[in-house]
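In order of appearance the chains are A, B, C, D, E and F, and numbering begins at 1 in each one.
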Amino acid sequence: MMKTDEKLIIKGKRIDGRKPEDVRKMKMEVGVIPNAEGSALVSFGKTTALASVYGPRPLHPRHLQESDTGLLRYKYDMATFSVDERKRPGPSRREIEISKVSREALEPALFLKKFPRTVVDVFVEILQADGSTRVTAINAASLALADAGVPMRDLVVGLSGGMLDGKIVIDLMGKEDNYCDADIPIAYLPSKKEITLLQMDGRLTPEETKKIVRDVLHASKKVYEKQVEALKKKYSE
Amino acid sequence: MKSNYIIKLLEKNERLDGRKLDEFREITIEKNPIERAEGSARVKMGKTDIIVGVKLELGTPYPDTPDAGVLRTGAEFNPMAHPEFETGPPGEDATEVARVIDRGIRESETIKVEELCIEEGEKVWMVYVDAYPINHDGNLIDAGSLASLVALNSTRMPKLEEDDKINREELKGSLPINHQPITVTVGKVNGKFLVDPTFEEEKVLETKLSIAVTEEDTVVSMQKSGNGPLSDDDVDKMIDVAVKKSKEIRKLISNGKKTTKSKAKANKSGKSKDGS
Amino acid sequence: MKSNYIIKLLEKNERLDGRKLDEFREITIEKNPIERAEGSARVKMGKTDIIVGVKLELGTPYPDTPDAGVLRTGAEFNPMAHPEFETGPPGEDATEVARVIDRGIRESETIKVEELCIEEGEKVWMVYVDAYPINHDGNLIDAGSLASLVALNSTRMPKLEEDDKINREELKGSLPINHQPITVTVGKVNGKFLVDPTFEEEKVLETKLSIAVTEEDTVVSMQKSGNGPLSDDDVDKMIDVAVKKSKEIRKLISNGKKTTKSKAKANKSGKSKDGS
Amino acid sequence: MMKTDEKLIIKGKRIDGRKPEDVRKMKMEVGVIPNAEGSALVSFGKTTALASVYGPRPLHPRHLQESDTGLLRYKYDMATFSVDERKRPGPSRREIEISKVSREALEPALFLKKFPRTVVDVFVEILQADGSTRVTAINAASLALADAGVPMRDLVVGLSGGMLDGKIVIDLMGKEDNYCDADIPIAYLPSKKEITLLQMDGRLTPEETKKIVRDVLHASKKVYEKQVEALKKKYSE
Amino acid sequence: MMKTDEKLIIKGKRIDGRKPEDVRKMKMEVGVIPNAEGSALVSFGKTTALASVYGPRPLHPRHLQESDTGLLRYKYDMATFSVDERKRPGPSRREIEISKVSREALEPALFLKKFPRTVVDVFVEILQADGSTRVTAINAASLALADAGVPMRDLVVGLSGGMLDGKIVIDLMGKEDNYCDADIPIAYLPSKKEITLLQMDGRLTPEETKKIVRDVLHASKKVYEKQVEALKKKYSE
Amino acid sequence: MKSNYIIKLLEKNERLDGRKLDEFREITIEKNPIERAEGSARVKMGKTDIIVGVKLELGTPYPDTPDAGVLRTGAEFNPMAHPEFETGPPGEDATEVARVIDRGIRESETIKVEELCIEEGEKVWMVYVDAYPINHDGNLIDAGSLASLVALNSTRMPKLEEDDKINREELKGSLPINHQPITVTVGKVNGKFLVDPTFEEEKVLETKLSIAVTEEDTVVSMQKSGNGPLSDDDVDKMIDVAVKKSKEIRKLISNGKKTTKSKAKANKSGKSKDGS
């Protein structure tokens, strides 16, 4: 976390005018990639993630197949133009790690045992990055999986929280992410009350940490509702 | 079987989606969908959907052009865009798409690269053009070239601070542009020529010729792709088609609207699957 | 079968090697086993054995922190350390271990990176921390983080000659250190929480939460790993365990002894296989 | 294409003394690599390409085999010392593209369907590069395939044309390639009258483009004759 | 070999006080990696190599298996921190070559024909490099193979010799290696009197070369004894 | 079977192609076949055929030799040269060939690298030596080493313009050369020693020893390859053979003819397959 002299919360408002507990304007659209079995485009402010799902389909080469379960693969990728300085193509160590924990965030929501020898592929492209990209990606992936008709125990909601100028804030944008005291991305199955992704970077007391986790879980309800709305919109058309 | 049906229809100068042989699918152009990029565009041709982003970075010029900026064009076959695409570094087809897009821009001198020199032989602007197919339903070269052109036209120059730090919050003008090349790919099968093939049509084509043409009707690049042969007369006809269609498509980008319908488009029938 | 037995024992709050659920295996710390590195440490937790070496090189700072040194942390799953590890570049598990170790150091501001600037924007010290597991018997993150911390504490600065040559024969003081983060990984299975899992225990865990805590009881990094879920209450309990255990382990490195026994260790039974 | 003040055609002569329609001195030699089933060394002036052919041979790994046809593989590679600034080993994007279009230039000349489950490998090394390397390579490959006894519908001739100081020229050398208005490499089956490779870089009117294509096809007769002569020489020995 | 004005042998003593024919203090410990079937840690002065052995175990993928013999794989790797300037991870050309000749140095000591379709993996990590790393690695590998119970015709001893200030010296340390007139690493099966690795870098007369080889073979007895002692110690415990 | 026959013949001190055991195949040397390289050579030993090209580029010196040019030697097993060679990065055998060629040049101080320094610690000439086997019929190390030596002897220095641009059209003198090392590989099988093995002979050899010897009979490099053992007496004999043969081969390059026949060659019989 870098330091800045700039105040990032002034008179209770964040630099984009939000209150600490506010989530940025969300856009969620399902079924945006005709070739894919499921897809979704999700924005939180200027952070935009596009997800597509292919599968369950037979896994090749066959020696990778598991006879008692299907597998999930998850590829998180940042477009070269999604960030200020052009990102080099090809997976960075950061992208490899995020792909791993994101896959683990989605697996508990799926019934992979019902699809032995298959794979479900989730590809996520970050088109624009302005903070909280991995959780935005998880929302897109969750919708794309639902759109693909992959059976799910629950939708998976992604949302971040943090500490900024001593205040708990929800859904960090890029500049907040750079200068905040802490950043906690979380994935959550709201109706199951299950946390499936949890990371943290920063400097917090144990009690602050626990409080932020709870505040994020609380705020995730709004994201869940937006996901449901997006799915309804697609299927009511 | 579908292939046979496509060929059968072509014999009657008809296509699966009701288009004429020399008719593009509906083209939708979105300028600057990626606010954080210096320039960007999203182009849909029917169900083919591609995003191009432009980034500007500092770099060193090539030794043989010490006073000119550098163009770098990339394209990947994103596995998101088609069930047959795989993760991994670009293969020969993706490499060809990137290089054909690149040549259209480079040979037409779309960018005034000589205005991108900061310090001769030492420091120039690098212009990175990266194409991300979102949905592949054929004709990635034309869609990607068009998106690249629109993205370059929409590109704003970041400010260069005194310490050579790039300030992308203050933009000071547009990327200097010379020309407006449009690439038109003409496919051939059974003696028929058609433009803007869908994915299924591409499978039955014997060969394709991608031709980039500027607003002065100058041909700046050609690329034959696919192992079917062409005669010299075929080449003549394909060039003529490309010159004609390039004019139509160029109008789409010059009319200033953010989203445009191809004037060449004429929805003819309810069977249309790919054109709406 | 062994897995079932491990779970059965855990129901009775017992472990295969006789430890309590919140008990680490014996920890042995060797400072500077690699004389030729600028800093190094070897840490054993039971049969888990890992060596970390620190090298200092010159480099350029990141553009957004022009006056700070740069930390680079690497870890490979050396095929020497486990029959299932394979040669080749680091996979996702090794990458995760390296990045979690890295974040504990980075977020706690273990290193005073601002003191590693030689010439703003141009030249800084790069601190390379490389972890080599020698024997993997579980809990590589905690062992690797601890070894990294000890290695950094033991690191001596090479002398920089006037011509920017690094003279490693003359060392002029220690690497400037701020904080002493300890990472404690808490595993969960069947509603039970345990620390310092062996390789066999890791196989039965539903999920783990690795938490780095400084000497001020500040939480600086967390990483959930594994696809089992956690509740908010689980997280609370795991943080509490990590804060408590981090204090115990920190004593091991602050007491100055080159080799130390974990005070938390209590050999209880002859069945112990992993703790001696 | 770069600019130069230098005149590249003076009094109807090019910098190496050729008339616009002249092809450089060609050397073609067949059977130069004893281990290969077919091979050829071809020079156009200082541009030199060496080709070897192995196959048809069984394709491995077997899952790449096609049950109804043989495959052609073509590797175009520039030696590190073939150009002014040392080329880094390993395939560049340029070499990958040239390998693709060159393979497509040769496929129509072969009866690959007659050799299911096999592969024909063509390896071409550019030993010296002084313009028109890809077409020189195709001539070498064509001869190497014929030398290997791979059945062919026709020889494949490679030749380039372009526009220089407003004149149509044939067989561009390196310096001409750098400064010309346009460069058109072509592969052609002369007796079948089939164009199998066609690329173009530069700035031309449509009519100029068409004219250059025809002029190259016309000039390719000389290259074809040279290929036939080289094969005769080998088999008359 | 670089030049130095410094004398590296003064009054018959080398810079670390050794006589020309002395081997540095050796440490050899067997059984240091519990997971491995065999392992050993070997130091010659500050040069330290750690070796582990896995196998004979079935070789995958299966098409690499040989029906009439087992295979040996040998990976020599230098830790990033083993040398002054951080070594980049991943195999360098030097490491690839050393792995090859070291494998060939060990193969003659093994009865691989008795273990068809299997592989024996030897992984060696150089933890500290102060000259003579490849031969130190071979001693570690030899002990690790013996520790693993892989049947052996003989132990394999590694030792280097060279020429320094006109004198034959045994077991070159790093600084000596940098400035010596020649460096000859050797692997030897002492009771079989078989040289299985032999390399040389430097400038010597043929007679000097032959003499150094013999002197190294002679001195290797001490290394052999140390290996035997380390094994005895392990098995007498 | 052919292998058995080769061994049987060797028992009678005979070889398939009629050569004596210590006899090289006919050696043909072509100087500067690649006009565009700074230096080049093509060497045939019987059917083994290899081209080496030399390029000079600017680079930075190694930190420990700031006033010396840098040698970089590469070799690939070009798939063109043998049906068993595959495309892809160099494997261990190709890496060994490149490194053995490299050591012969480096250790003999063939190149006066100290004369290749342009600006101490900053800028020196890099000498790239790249070997391309064209046809592999055994003994690539000797053929590649000889071709490298001839190529280096034929190398002309490009002119360095004031702006550090390399002008390869004006050459100002030769690469400074000290020594002329010749590498001779001696193979051993069934107690017999032979030189210049063909591909088929290499398959039956137990081991080989490649020895580079200068014009002063100085041994500068040795490399044992292959897993058969040697005795100390074997090594003595192999060194003696190498010293003797190196003198004969050196004559080939010093006599100034562009193409030369090995004086050691004596065509004995009509059965000869590899020697003409």
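Following the convention adopted for this analysis, a contact is a pair of C-beta atoms (placed from the backbone, for glycine too) under 8 Å apart; a residue touches a chain by one contact, two chains touch by 3 or more.
No experiment lies behind these values; they were computed from the predicted model shown.
> Pick from A-B, A-C or C-E: which interface has over half of its contact pairs in common with E-F?
Within A-B, A-C or C-E, the interface duplicating E-F belongs to A-C.
> Tell me, please, which chain's centre (mean of its C-alpha atoms) is farthest from the centre of chain E?
Result for the farthest chain: B.
> Starting from the Cα centroid of chain A, hunt down the chain whose centroid lies farthest away.
Most remote chain from chain A, centroid-wise, comes out as F.
> Need the CA-centroid distance for the pair chain B / chain C, whole Å please.
50
> In whole angstrom, how far does the Cα centroid of chain B sit from the Cα centroid of chain D?
28
> Please work out the Cα centroid separation of chain B and chain E, and write it as a whole number of Å.
Here chain B and chain E have centroids separated by 58 Å.
> Taking the mean of the C-alpha atoms as each chain's centre, how many Å separate chain D from chain E?
Measuring from centre to centre gives 51 Å for this pair.
> I need the residues of chain D touching at least two other chains; which ones are they?
85
> Touching two or more other chains, which residues of chain C qualify?
Chain C, residues with two or more chain partners: 63.
> Would you pull the chain C residues touching chain A in the complex into a rising list?
63-65, 90, 92-93, 95-96, 98-99, 103, 107-108, 207, 209, 217-232, 234-236, 239-240, 243
> For the complex, give me every residue of chain A touching chain C.
1-2, 85, 93-94, 96-97, 99-101, 103-105, 107-108, 178, 184, 189, 192-206, 209-210, 213-214, 217
> For the complex, which residues does chain E have touching chain C?
32-36, 39, 46, 48, 50-52, 54, 57, 75, 77, 79-86, 89-90, 121, 123, 125, 127-130
> Which stretch or stretches of chain B touch chain A in the complex?
33-38, 40, 47, 49, 51, 53-55, 57, 74, 76, 78-83, 87, 89, 128, 130, 132, 134-137, 166, 168
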